[in-house]
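Just passing along the structure, written as structure tokens.
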Amino acid sequence: MAHSDAQALAAWRLAAEPFYQPTGDEVARFQAATAQRLPVLIKGPTGCGKTRFVEHMAWRLGRPLVTVACHEDLSAGDLVGRWLLDAEGTRWQDGPLTLAARHGALCYLDELVEARADATVVIHPLTDTRRMLPLAQRDEVVPAHPDFQLVVSYNPSPLAREMKTSTRQRFCALEFGYPAPEREAGIVARESGLDIGRSAAIVAFGVRTRRLQGQGLDEGASTRMLVHAALLVQQGLAVGAACAMAVADALSDEPGVRQALHAALDASF
Amino acid sequence: MAHSDAQALAAWRLAAEPFYQPTGDEVARFQAATAQRLPVLIKGPTGCGKTRFVEHMAWRLGRPLVTVACHEDLSAGDLVGRWLLDAEGTRWQDGPLTLAARHGALCYLDELVEARADATVVIHPLTDTRRMLPLAQRDEVVPAHPDFQLVVSYNPSPLAREMKTSTRQRFCALEFGYPAPEREAGIVARESGLDIGRSAAIVAFGVRTRRLQGQGLDEGASTRMLVHAALLVQQGLAVGAACAMAVADALSDEPGVRQALHAALDASF
Amino acid sequence: MAHSDAQALAAWRLAAEPFYQPTGDEVARFQAATAQRLPVLIKGPTGCGKTRFVEHMAWRLGRPLVTVACHEDLSAGDLVGRWLLDAEGTRWQDGPLTLAARHGALCYLDELVEARADATVVIHPLTDTRRMLPLAQRDEVVPAHPDFQLVVSYNPSPLAREMKTSTRQRFCALEFGYPAPEREAGIVARESGLDIGRSAAIVAFGVRTRRLQGQGLDEGASTRMLVHAALLVQQGLAVGAACAMAVADALSDEPGVRQALHAALDASF
Amino acid sequence: MAHSDAQALAAWRLAAEPFYQPTGDEVARFQAATAQRLPVLIKGPTGCGKTRFVEHMAWRLGRPLVTVACHEDLSAGDLVGRWLLDAEGTRWQDGPLTLAARHGALCYLDELVEARADATVVIHPLTDTRRMLPLAQRDEVVPAHPDFQLVVSYNPSPLAREMKTSTRQRFCALEFGYPAPEREAGIVARESGLDIGRSAAIVAFGVRTRRLQGQGLDEGASTRMLVHAALLVQQGLAVGAACAMAVADALSDEPGVRQALHAALDASF
Amino acid sequence: MAHSDAQALAAWRLAAEPFYQPTGDEVARFQAATAQRLPVLIKGPTGCGKTRFVEHMAWRLGRPLVTVACHEDLSAGDLVGRWLLDAEGTRWQDGPLTLAARHGALCYLDELVEARADATVVIHPLTDTRRMLPLAQRDEVVPAHPDFQLVVSYNPSPLAREMKTSTRQRFCALEFGYPAPEREAGIVARESGLDIGRSAAIVAFGVRTRRLQGQGLDEGASTRMLVHAALLVQQGLAVGAACAMAVADALSDEPGVRQALHAALDASF
Amino acid sequence: MAHSDAQALAAWRLAAEPFYQPTGDEVARFQAATAQRLPVLIKGPTGCGKTRFVEHMAWRLGRPLVTVACHEDLSAGDLVGRWLLDAEGTRWQDGPLTLAARHGALCYLDELVEARADATVVIHPLTDTRRMLPLAQRDEVVPAHPDFQLVVSYNPSPLAREMKTSTRQRFCALEFGYPAPEREAGIVARESGLDIGRSAAIVAFGVRTRRLQGQGLDEGASTRMLVHAALLVQQGLAVGAACAMAVADALSDEPGVRQALHAALDASF
């Protein structure tokens, strides 16, 4: 990576190696896609480690990581950039996608399916053999840097919007789920500093909540929530109180689901 | 807190200690979340003391409190900031969220669920281990100040919008309800200066209104409304007239509910 | 009121005492709310005298009255103010709410429930114990002047939008209806200069129209319409022709309702 | 009218006396409203002479006439005015309503009910005893000129939007219909220069089309359309061809209605 | 036409006489409307020659032709003009309607019914006896040039939006359909240079497609499509292949309709 | 092509000959349309080679190719251009359509039917005998360069929006489908470098996925997806794993469809 590229992306370089525990051959698959410069689609439930995996791959590949959390008001201009007025007149400011394409970063569009149609379509010329980004407003066609790679994530719940076929067929897909319980307990212990025994108990409770999915609950506890519970225990809260605060009371407002969650809590601790 | 941070947040520092009477271990739970820099979600009905509790915690922690009342037109730009044109050209102005994140304040987003999707998503990188706020328009990534903490409130009534799972799972939750009657009478007496006897009578009426909830009434009288009634009594209105004006006539327009409220009024005074 | 405040609000000071005839203890109730700096919600049908009562209270309290007619496109910026570009660059212009809060006026938001969500929520910090108005765009927090008071009106017809609970519970309520016939005849006579006999006949017709409410007619004749009829009689129109022009032909376009109104007209004159 | 007011409104002064043939006491009724400065609502079908009547009254009263054709995108700013940027910086430009209110013209809002909510509400303070127009963007309150009068028109067809009660009750109403046939023939002859015989035949055809109203046809031929037909006859077209072109083929696209119109055409000529 | 008017409209003057073959008295009818300065509404299916007829009349009358293709985002500003910022500050730029009205051109609004409401209403004062165009943003009232005439087109298919009565009644109407086969063959031959025999065969196929209208097909082949087919034959394609490419494959995507079209193709060639 | 035209379009000139294998007479048909300057509509499923064919024709014709991926927020201004503010004041910037029309390029609008109505209509004057592009904002009428040709693509799936008849009838149509298996295997082998045997196996799997279309799957695997799978095999993944990642896991999220896809995967490898 050239010096000027490194400077442009300095703010987006990871400061420390993110902890990540592989669950299968996902690292090899991702590396194959990277070697062929193919865009990657990562599917899986909330908080199961998708973002952490992408951070891990950025660190492993030695590339900066430009992340954008997409939402239903995100437009192409938010990704690509725009003209700004400042004291010396107008100047062009690259958006995060252009920054990544021009200087060679991993660009991670979290929940791309939520974005506006123009934001979804703007990635098309970057995701086929053209690997270029036309900036219509600037009359410039940016060829993608060889190190540029696009990664998008997607939570395919029954409530989510569908990804358009013409977008979807551009990606190679990786599927994620929750880690197996013993592995998840290790993650919780490592992230919170709590002992493995209480970490495993918290994970056991988390697994119970996931069984309620589809019975009024959209999704069960994420690994992140279980780490939160362990962190609260580290501050002196009882395990039950910590799981109530970090998991049960946060997961749902529906009385029936609440009751089931607190029953699981009572059964667990 | 550095001198410059203190200056930037001076307008948002509380001038006096807000009165707050704890009802359980909510202070300890909040402090545990603060110690681990976890964001907090406060759930409960209108006017039950959520805002007052947050003010109390800000005072207790010695931190400024930046409050934003969210609504369905609140956009990410309203939270994060924008470029303004003024006499010397354009200058960037931090929005309330950026101000709090940059300089280290409690940031309280009241009824976050009402805000636009982009405003909801903009808090994501501040609420996970990244603890950073990318300002795309300014090409700056603001790392959160160690004293920054995010608190959001939410009234989980059947009519309210649902909070998205990917947002909800980032928070530890605290649940609030109305205080027990004797405690609420003490609050009314203290806030209004009215004697405890008439304060208790006003609270008894308020409790009656809460029983009408679900029978055409969305929510019963808040503690705030009862304080209003007591303040009007202090101005010389009869207790019944004060409760009609501050509570019964304000709560609903539906003839059936109005009749039930006035029956409760007649039964009470 | 300081000299500079008086200047800022000069355009909004009432030029003459508005005529108002009280119908109960509404003046005392309003004064109690004013003394405790509580916001007031005035409910009642179109043209029954709500605006006149607020003008009367402003005159009686010696305060300027800043009035805003709300509508479904009214935004927070319309109330709070905005940056304007003019010949010397940009300058901030206080909106009517900020003007009233900063310098100490009664601020009357007519039909607040019609306004956009952001306009409704912007009054929240002015209507609780904080009594402040954050101007996010200007990075200023305006503490309310001690003389500032907020008054909103609301016509709770079955067709009207509901006021949100979190807004509604901030107000003390006063309810208005049409004045009793003899009182209304006095008002019509005084406002138009017409003799009391014909004024009473016009009022009697007006009362008949109100009985048609709910039978295809949203609301019957307002006191204002009856005054209009009396003014047209003063110009030489026959009483029946004046009531047709000012009341019957203006109230409705539906053939059935029109027929009933003209039958009432024939029966009256 | 002061010299400067006359100058400001010069473009809106009628150049010649518009021909108008009264059909009842509408002139006297309008004059009574003018004398009392009451706003007037004119109701009636398309092209029956509402606009011509208002032009006639403006000429008779010696006042300029500012006309605005309302539509569903018309906003308050379109009526009130706005800040414009030009070569010397920004300057305020009065909209048509402000122009009329400030300098004293008849202001005619054609089909007001079609306008946006903010445009409808902006007339409220001009149509009650306040007779003022607050220009929030300019921090100015314009008192209405004594010669200012507001006139709005409205076509109360079953398909039209309803006028809001709080707007409607501010007006005195005048109702218009098509003129009686012999009177209408006189109008057609006078406006087109065609002889009275053929003018009467054209009117007879027009009356037939009005009987089709409600049978697939929203409205029958307006007086204006009949004048158009007569003008085409003056250019040498046959009466039947002229009525087909100016009336039958223009009124509807529905095959059934078209057939009925052409049958009426064949029966007439 | 004055020299400056001619200059302003130079870009809109037709370079060569457009070929047009009259099918009835449409030229005489149009000329009668032109002589009386009445606006004209041209109705008919896609590609039947409406635009060509208007070009022909503009050439015959010796007037420039300003054409605007309307669509559902076309606003009044797009027709009337707007203030533009350029290097020397702001300057007003007449829109196509203002250009035509000011300098005297035929103004042709293609598919006016598709435009936004404000664009539809803005033509009203140009289409009655006032013949003027108020430019509210510029505080100017443009009187229409004597040579200005408005022409609008409209395709009254069952799927089209309805034209509002208050707009429709301002126009004289001319109806167009497809030319008779022998006439249409002549047009195809003349426009493409193909011999009359193959032109007639192509037209015969086109007539067959029109019989499918209403059986899943919105409209049959336009004359334009048949000319396209003939042009492709001139390039060496077989007649069947040319008709498939220019007509059958372009007309519809529905399998059933496609099959019927290809059956017609096989039967024809 | 003139020197200045070549410069303006330099960024849009293809750098290398794109590989394309004809499947019928599509090249001859396209060339006939080009010779007659007729616009072309290319229909077919996602990823079947439409874009590659257009690139091939641009290369073969020696013309630059300006491509725009349309989407539901694409407006006329995005195609035509706009005024930009920069350091030296405002300047006009041609949009991609204007650039192509002015200087003579192939302009390829991918999925035009997705664009906004104003964007669809703006191409009309370029696609009939006028061959011109009016730039209303610039008061300029751009005559199309002789080398300009418009090509649009369209995926006529049951879920797609319909193209308006008045747009559709302007085009000659070419239909594309997936290549025959042996031809497709050759394409996969050539694009990925994989041997023909494994390429054929991958294609056989792809053909199986296409049979699932309409059974919960919108479209089967595109040729592009099969090339992706082959590229991953080249990186060392097993053929089954590569097809899972590049095809099966990317095509759908529905459990039933997923199961069918993995069954096809198991049957294939």
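Residue numbering begins at 1 within each chain, and the chains themselves are lettered A, B, C, D, E and F in the order written.
Throughout what follows, a contact is a pair of C-beta atoms (placed from the backbone, for glycine too) under 8 Å apart; a residue touches a chain by one contact, two chains touch by 3 or more.
These figures come from a predicted structure and were not determined experimentally.
Student: Identify the chains in contact with chain E as well as chain F, in label order.
Tutor: Both-contact set = empty.
Student: Quick one: which chains contact chain C and chain F both?
Tutor: Neighbours common to chain C and chain F are absent.
Student: Have a look at where chain C meets chain D and say same if over half of the interface residue numbers show up on both copies, different if under half do.
Tutor: Different, since under half the interface numbering is common to both chains.
Student: I need the rotation angle between the copies chain D and chain E from a CA superposition, between 0 and 180°, in steps of 5.
Tutor: In degrees, rounded to 5: 60.
Student: How many angstrom lie between the centres of chain A and chain C, each centre taken as the mean Cα position?
Tutor: Measuring from centre to centre gives 52 Å for this pair.
Student: Based only on mean CA positions, could you tell me how far chain A sits from chain B in angstrom?
Tutor: Result: the chain centres lie 30 Å from each other.
Student: Give me the residue numbers in chain E that touch at least two other chains, ranges are fine.
Tutor: Chain E, residues with two or more chain partners: 85, 88.
Student: Starting from chain A and heading to chain B first, what is the chain order around the ring?
Tutor: Order round the ring from chain A, first step to chain B: A, B, C, D, E, F.
Student: Residue numbers of chain D touching chain E in their complex, please.
Tutor: Touch residues, chain D against chain E: 11-12, 46-47, 51, 67, 69-74, 78, 84-87, 93-96, 110-111, 114, 155, 157, 218-219, 221-222, 224-225, 228, 231-232, 234-237, 241-242, 245-246, 249-251, 253.
Student: How about chain B: which of its residues touch chain A in the complex?
Tutor: For this pair, the touching residues of chain B are 25, 28-29, 31-33, 35-36, 38, 41, 43, 75-76, 83, 85, 88-90, 116-118, 120-122, 124-125, 128, 134, 136-137, 139-141, 156, 165-166, 168-175.
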